[in-house]
Each structure stands twice: as C-alpha cells, then as structure tokens.
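Beneath this line is the structure, given in structure tokens, with notes to follow.
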Amino acid sequence: MRATLRNSTLVRHGLFFLALAVVLLVLTSFVFDPYTNYNVTEVAIYAICTAGLTVLTGINGQVSLGHGALMMIGAYTTSVLLTWHPDLPLILMLLASIATTGVAGAIVGLAGARLRGPYLAGATLALAVALPQVPSHFASVFGGNQGLNVPTPSPPAFLGGDFSPEQWLAWITLAAAVITFFVLANLVRGATGRRFRMVRDNEVAARLSGIDVARTQVLAYIISAACAGLAGSLFAYWVTVTSPSGFSLNLSLSLLTAIVIGGLGSLSGAVIGSFILVYLPVWTGGFASSLNLSSNVANNVPLAIYGIVLIVAILVFPRGIAGGIASIARGAARVIPSSRGPTALPAAPESSQ
Amino acid sequence: MLEVQELSVSYGAVHALTAVTFAATPGAITAVLGANGAGKTTLLRSISGLVKTQSGSIRFNGQELVGKTVEGIARCGVAHVPEGRGIIEELTVEENLRLATLWCLGRRERERAIEETFALFPRLTGFRRRHASILSGGERQMLVIGRALISRPQLLLLDEPSLGLAPLVTAGLMALLRDHTVGTDMTVVLVEQNARSALSVSQRAVVLNLGEVVVNDAADVVAADSNLRHHYLGF
Amino acid sequence: MGLFVNITLDGITNGMVFAALALALVLIFRATKILNFAQGAMAMMTTFIGFTLLNRGLGYWWALVAVLAIAFVLGALVERVLIRPLQGKSELNPVIVTIGLLVVLEGLAGAIYGNSSRGFPPAYSQSGLTIGHTKIAFSHFDIFILVAVLVLMVGTLALFRATTLGLRMRASAFSGEISRLLGVRVGRLLTLGWALAGVAGALAGFLVAPTSSFSPYFMDLILVYAFTAAVIGGLESPVGAVAGAVGVGLALSYVSGYIGSDLAPLGGFVILIVVLMLRPQGLFSFGRQRQV
C-alpha cells in the first residue's frame, strides 16, 4: 500500500516535471527573445543552487552563508577541466563539478555538524570570504584575478547551423533545473526529507528515535553542495569567465536572502527567490536609467531598492512570499468553500516550524 | 486586595482558564491548588502580565492590571516568583537581589534592604559575590524569596515554591511565609501541588480543575473535606 | 626582528579596530541573539557623515562627537523600526533584514558619495615613530587608535560592572522575562544596547577610515574579521570579543607579512575553524549548550 502510494507520488511528480519541461522547451524556443532566455538561464542557475540551500537551511535547519563559495568550486572545476581538456563533453563537466563540490560539501558538513546556529553562520561566512582568495593566489592553475575563459558550449549539429549557443545553454540549464527539482521534490517528500526535518525541529527527539544526527546533517550538506556545484558549473558557461570576483560574499548573502524571501523550506520559494534575485535588478536598473540620474545615483538605486525590498518583504511576509501566497490561498479557500482542497503541486510550501 | 473576575485564557485551541473568579485579601495567604495542568501557572502568569488574557479582569487595589506591561505590573508592587524559581544564573547573588530594588528603592535604602535580606538568609552571605548558578535548590529558593520580599511587594505570587525541596526545608519556608504575611498588608497567592503543606499556612484555598474554579473556601474547610481532598488534591 | 616587531604592532592596531566592531556585534548578539550584518554598513554611513562634516570645516573632535551621537540615534532607530517588529518570529528573518539594511546603506552611500575610494584625514600623523635610531611602523595615529579603543572598552566594562544601568542591561540580556518581572524596562534597554553598539561600530569606522580605501564598501572585510573575532570569543562575552579580535588582528598580520597579503582572509578562516573545531561554542562561552 505504502509502496504504491509512494510510486504514485513519484508518477505524479514525474508527470508534473515532464509537463514543466515541455512548457519551458516551448517558451525558450518560440516565445522568449534571446535576452529573456539569457535571464531565464540565470534564474534557473540560481534556482538550482537555492533549491539545494533550501534543503540544507530550510529543511535541515543548517544556516549557510557560504554557498557562493561552493558554487565557486563547481565553476572552477569546470573551468580548469576545460582548459586542460577542451574536448570533453559537457555532461562530464557537470558531473565532475557535482562530484568535487559534493566532496567539499562533505568536508564542510563534517565540520559544520559540530556547530550550531550563529557559530555555523560565522564559519560559513568566513569560508565565503576566504575561498575566493585561493584562485587569486594560485594564478598558475586558476588564472588569478583575470580568471579563466569558458567557451560557450556549441549546440549539436542536428539542431541546425543557425541554432544559437545561448539557446542551447538555456535548454541545458533548464533541463538541469527540472531534473534537480524533480529529485529534490521527491527527496523532500520521502523518508530522507522526514529525517532532515526531524533533526531541524528537535535534535534530541530525532536522536531518541534512532536518527544519526551528524550523519543526517552531513548528508544534507552533500546534497546541497552538489546542487551548488551543478549551478556553479552552469554559471561558468553562462558568464563565460570564471574569476574570483564573481563569487564575492554578496553572492552567498544573495542566495540566502533569496530562499528566505521566497519562503524558507519550500522549493517553490527557491524559484520565487531566484526570480527576484535576477529580475529585481533588471527592473530597477531599467527604472533608474529611465530617470536621467547622475551615474552615481543610477548605479546605486537598484542596490538600495533591492535592500528595501528585502526589508519590506520580511516585515510584510514573515514566512516569505511562498508562505504569504499559501496563507492568502488558504484564506480564499475558506471564503469559497466549494473550491477543491490543496492541489498536488509537488513543491507546495510548508511551514518552517 | 486582588480581585480576579471571569478570567479566561487560551493557548490557541487549548482553554487553560475558563471564567476564573476569586479574591485574595491582604494579610492572608490564598492557596491555589490543583493537579498538573489545571492552569495554576497560567493564572499567575496572567496576573503578572506574562500571558495575554482573553477576557475578564484582574484588579489589584482597585487598579486594572489587564493591558499593563509586565514591568508596569511589577512596578505596581507585584512580585512573582515564577515556576522553576527564575534566578538569573549569570548574575551574582547580590546582583540578583539588587536588580529587584532598582525601581523602588533609593541608593541608601537599597544597600540596607540587601543587608536585611542577607540577615534573613545567612546561608546566602557566603555566596554574595558568586554566580547564582552555583547555589543548591534550597539556596536558590532562599534567593528568590528574598529577592521577591526585598521590593516590599503588596502582592506576592509564588509558583510551587516547595517543588524539589526537602520536607523540613518546605516547612521552614511555609513558616517564613506566614510570618511575613499575617499582620501585614501584603497579599499572597501561593500556588502549590503540595496541597497539605500549603493548606497548613493558608487562610483561603482556591482549587482549580481543568482551568475552572471548583472550590473557593476557607483553607481549614478545604483541608477538612476528605471527599474533596481525595478528588482534587490527592491526599 | 624589526620586521617581526612591525608586523606585531600592525596586528595589534588592526586588532583594536576589529575589537571595537566585535564589541558592537557582541552587545547586540547577547541581548537579542541577532547577528547584525549591517553593523559595518552603519559605521560606514556615520563615517561618511563625519567625512562631510570635516569637509564643511568642522574640527576633528567635534566631528567625532557628532558621529558618535548620530551613531547612537541610528542604532536606536534600527532597533525600534526594523528589529522590534520581528521579535519572536523565525530566527533567520532578522538576519535578512540586517542584510537588507546593509545593502540599502551601501546603495545610499554610493548614490550620494560615489563608489570610488577617497582619502580620509587622520587625527594625528601617520608616519612611523622613531625609537632610538630605528623607525617603526607605529605612528601617533596608531597610538590614538589604541587609546580610543581602550577608552571604549574600559567605558563599556565600567558601565556593565559598576553601574546599575549596566546591571539592568546584563540582566535583560541574560533573561528578559525575569528582568521584566523585577520591574526592569527591558524594551528600552534593548534599544540602548543597539544604540551603544552603534557607537562602538562608528568609532571603529572613524578610526580605520584613514588607513583603508575609504569607499561605501570599506567596512565589509572588517565586519567579516570582527565576526570571526566575536565567534572565536564566544559571541556573548565582550572580553572574549576583544581577545578574539586582537588574536585575529595578529594572525592576519603574520599571514600578510610572511606569506602574502592576499591570503589574509584564508588565514582568518583557518583560525576560526581550528578554534571552532576545538571549542564549538567559542573560547569564552559559559560552556553551557545553548540550542539556537
């Protein structure tokens, strides 16, 4: 009985993500212009990373201020491998980045399993600042502050000669995102997700019910880091240059703010947060340049607005935007009693408590 | 004079207190008794403002306490010794005492009141400048009672002060409470699960069951009613 | 030998600046359990205000006094307007709000003053003193930094240890509920704590501005080091924060001096990890497991 139930969830998830993939394929091929495709690729990259961070911070309760550093490991794995072996297929690059970052995640997770709350925050913050110094210092391997160039992957011949590499990258990235979310949605719903949440909610109770807390925490870190590695590898292709300045503390902080603003603990929140991360600067930048401001002001207005949005969003939606939408939807469902129960969205927001 | 009228409190769906009405008079100890979960702690916490009340009123000497802040209620002369004692472990014994005097006593009176408290509990003198965390259970009890009395409260709320104390120490504590109450204008509300010793020093007794008042009578009447004792008080 | 002395002196001076900011972080953390990511940006903002005042012809000392007063008000405002409404909700929300404030302040300063770095005037000469016949990397201005931060630390210590206001502040930090039951107006003291933290941070900013590349981002790295110091010190102990800060200052100085200045952040990270692996609650914590 239980097995069929789980299978049916798997099937339902599978169908949902398959449909999602088809929709994205149509959108990126026929609807979006190249600039939109470019931005959507970036959203997908952040979504992959923030989904992993959601599993770690939202579902397992471990704060990370250092996920930008993990993305950096993924990006440099791809970039260094490409300078050594330019002909290796892209899928190998992605897998290698997932592997190296997963190993790094295991190390960070082992250290982090001893630390709690603000101490873990402090340690990961220091990691986010320290790690970008490594490629700066060891310039012979990592290209120093100039960084390493990453060629955009060329689309396979059967897509035709005029198929743009940018669109090919958009496809790859979105496919990677769909697969990541499919895997994570199932993981979060299943026994592993339940263990993660038990450790988050009450370590003592989790230990009493036979869960190896440290092991669970390390596992969450590995999964989360693997996502960051995948995102980092795609990021390298997307930016086309991998340099330390791309992985500043700002990136790490942005990733964390994205998952909290989106709605801590829900995968849909990770997507919402990633959208905000990419599109808020796009919109505010356009707004600022339309105002004919001096360059100092025009350059900084998007930053200030981003900060204000962060503050206001948290004050208005203490449970994030996904949480806010969920409670509005619940209110609506109460007003319209005949409406159906909760739909089968795989990444339905759940309370963080 | 403390007058609680139709007081109701709930935690979400849990109704902790339902229309509780009773009064406590100065110069007397009013015992509030009842089983675990009856709502005794909730009652005291609502009086001192730590829990938001749903409806009803709490008047002390004619003043409405509902709606005031916790520190505002304390500054009306209400001293609350919370469940589990509530010493501040990171402060020294003397600092714990001094903290309670800051809003009510001038510099000179403050030092005298601290000396008087140490005279009342000589055991504490040796720990004066030590962190309160090293005190034993009995010593902690002395500290919190001393800390409550040092501000010369008009209303003293005690939440299970005898919990974890040896019978002899409990007896001493109860005698001390009686000596400080009878013949003064202090009103004392004594919450206890240990009904026998509480009744021995109290003048009135209120028995709570599942958040409702089931008995409100003179303490010796309650102590003599074996049926009631058997039902609600377990002795 | 001379190099070692110079590096050591440099490390101590830097450590003192980190100490002032770490003290600010600890003041706030132990009272509200919040890591204030905006502490450095708040200091940056007040330092820019001081910069404007100096340019308008105000004397150095008056500018310093004005900056500290403004920082006091700014700290109090932040607590009242942004932090108080978040009380008792998710523990990450205050973190995000302080990150938001950091971003707003940096955007604001960039819009007003531009993103490029400028020179900030020091109170005293920055050229090294001569002892005997050798010139050391320690100037009158460095002495001023040491003295100013020492005054801050002694003042804080005196406030906490020797005044009833300090007793109230400590009590409300350790146990808000019990303090309120004893008539302490905890809310006001939290505001005061944020205000004093603002002052400590602003002092750090004003002191370090002449020796750093003074731009809207000049406190970012210093904040990270102050965090490192505060975490090493156990986050709740002012003494621990100061000790941690001097340790971090020295360590960074040795790494920069003997290995390479670009590796300094890595050095800070390594020290932090070593300390946390040995003592997951920092060096000066009470050893009590606090589940956060």
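In this document, chain identifiers A, B and C correspond to the written order of the chains, with residue numbering beginning at 1 in each.
In the analysis below, contacts are C-beta pairs under 8 Å (C-beta built on N, C-alpha and C of every residue); 3 or more make two chains touch, one makes a residue touch a chain.
It should be emphasised that the depicted structure is a prediction, and the values quoted were computed from it without experimental measurement.
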Connecting every touching chain pair, does the picture come out as line, ring, star, complete or other?
line
Can you tell me which chain pair comes out on top for contact count?
A-C
Tell me, please, which chain's centre (mean of its C-alpha atoms) is farthest from the centre of chain B?
A
List the centre-to-centre spacing of chain B and chain C in whole Å, with centres computed as mean CA coordinates.
43
Separation of mean Cα positions, chain B and chain A [Å, integer]
53
Return the distance between the CA-based centres of chain A and chain C, expressed in whole Å.
32
Name, in rising order, each residue of chain C that touches chain B in their complex.
164, 167-168, 170-171, 174-175, 177-186, 286
Which residues of chain C touch chain A in their complex?
29, 33, 35, 37, 82, 85-86, 89-93, 95-97, 99-108, 110-115, 220-221, 224, 227-228, 230-231, 235, 260, 262-266, 268-270, 272-273, 276-277, 280-282, 290-292
Interfacial residue positions of chain B with respect to chain C in the complex
48, 50, 69-71, 74-75, 79-80, 82, 86-91, 95, 98-100, 102-104, 147, 151
Provide the residue numbers of chain A that touch chain C in the complex, in ascending order.
57, 63, 111, 114-119, 121-123, 125-127, 129-131, 133-134, 136-137, 203, 249, 253, 256-257, 260-261, 264, 296-297, 299-311, 314-315, 318-319, 352
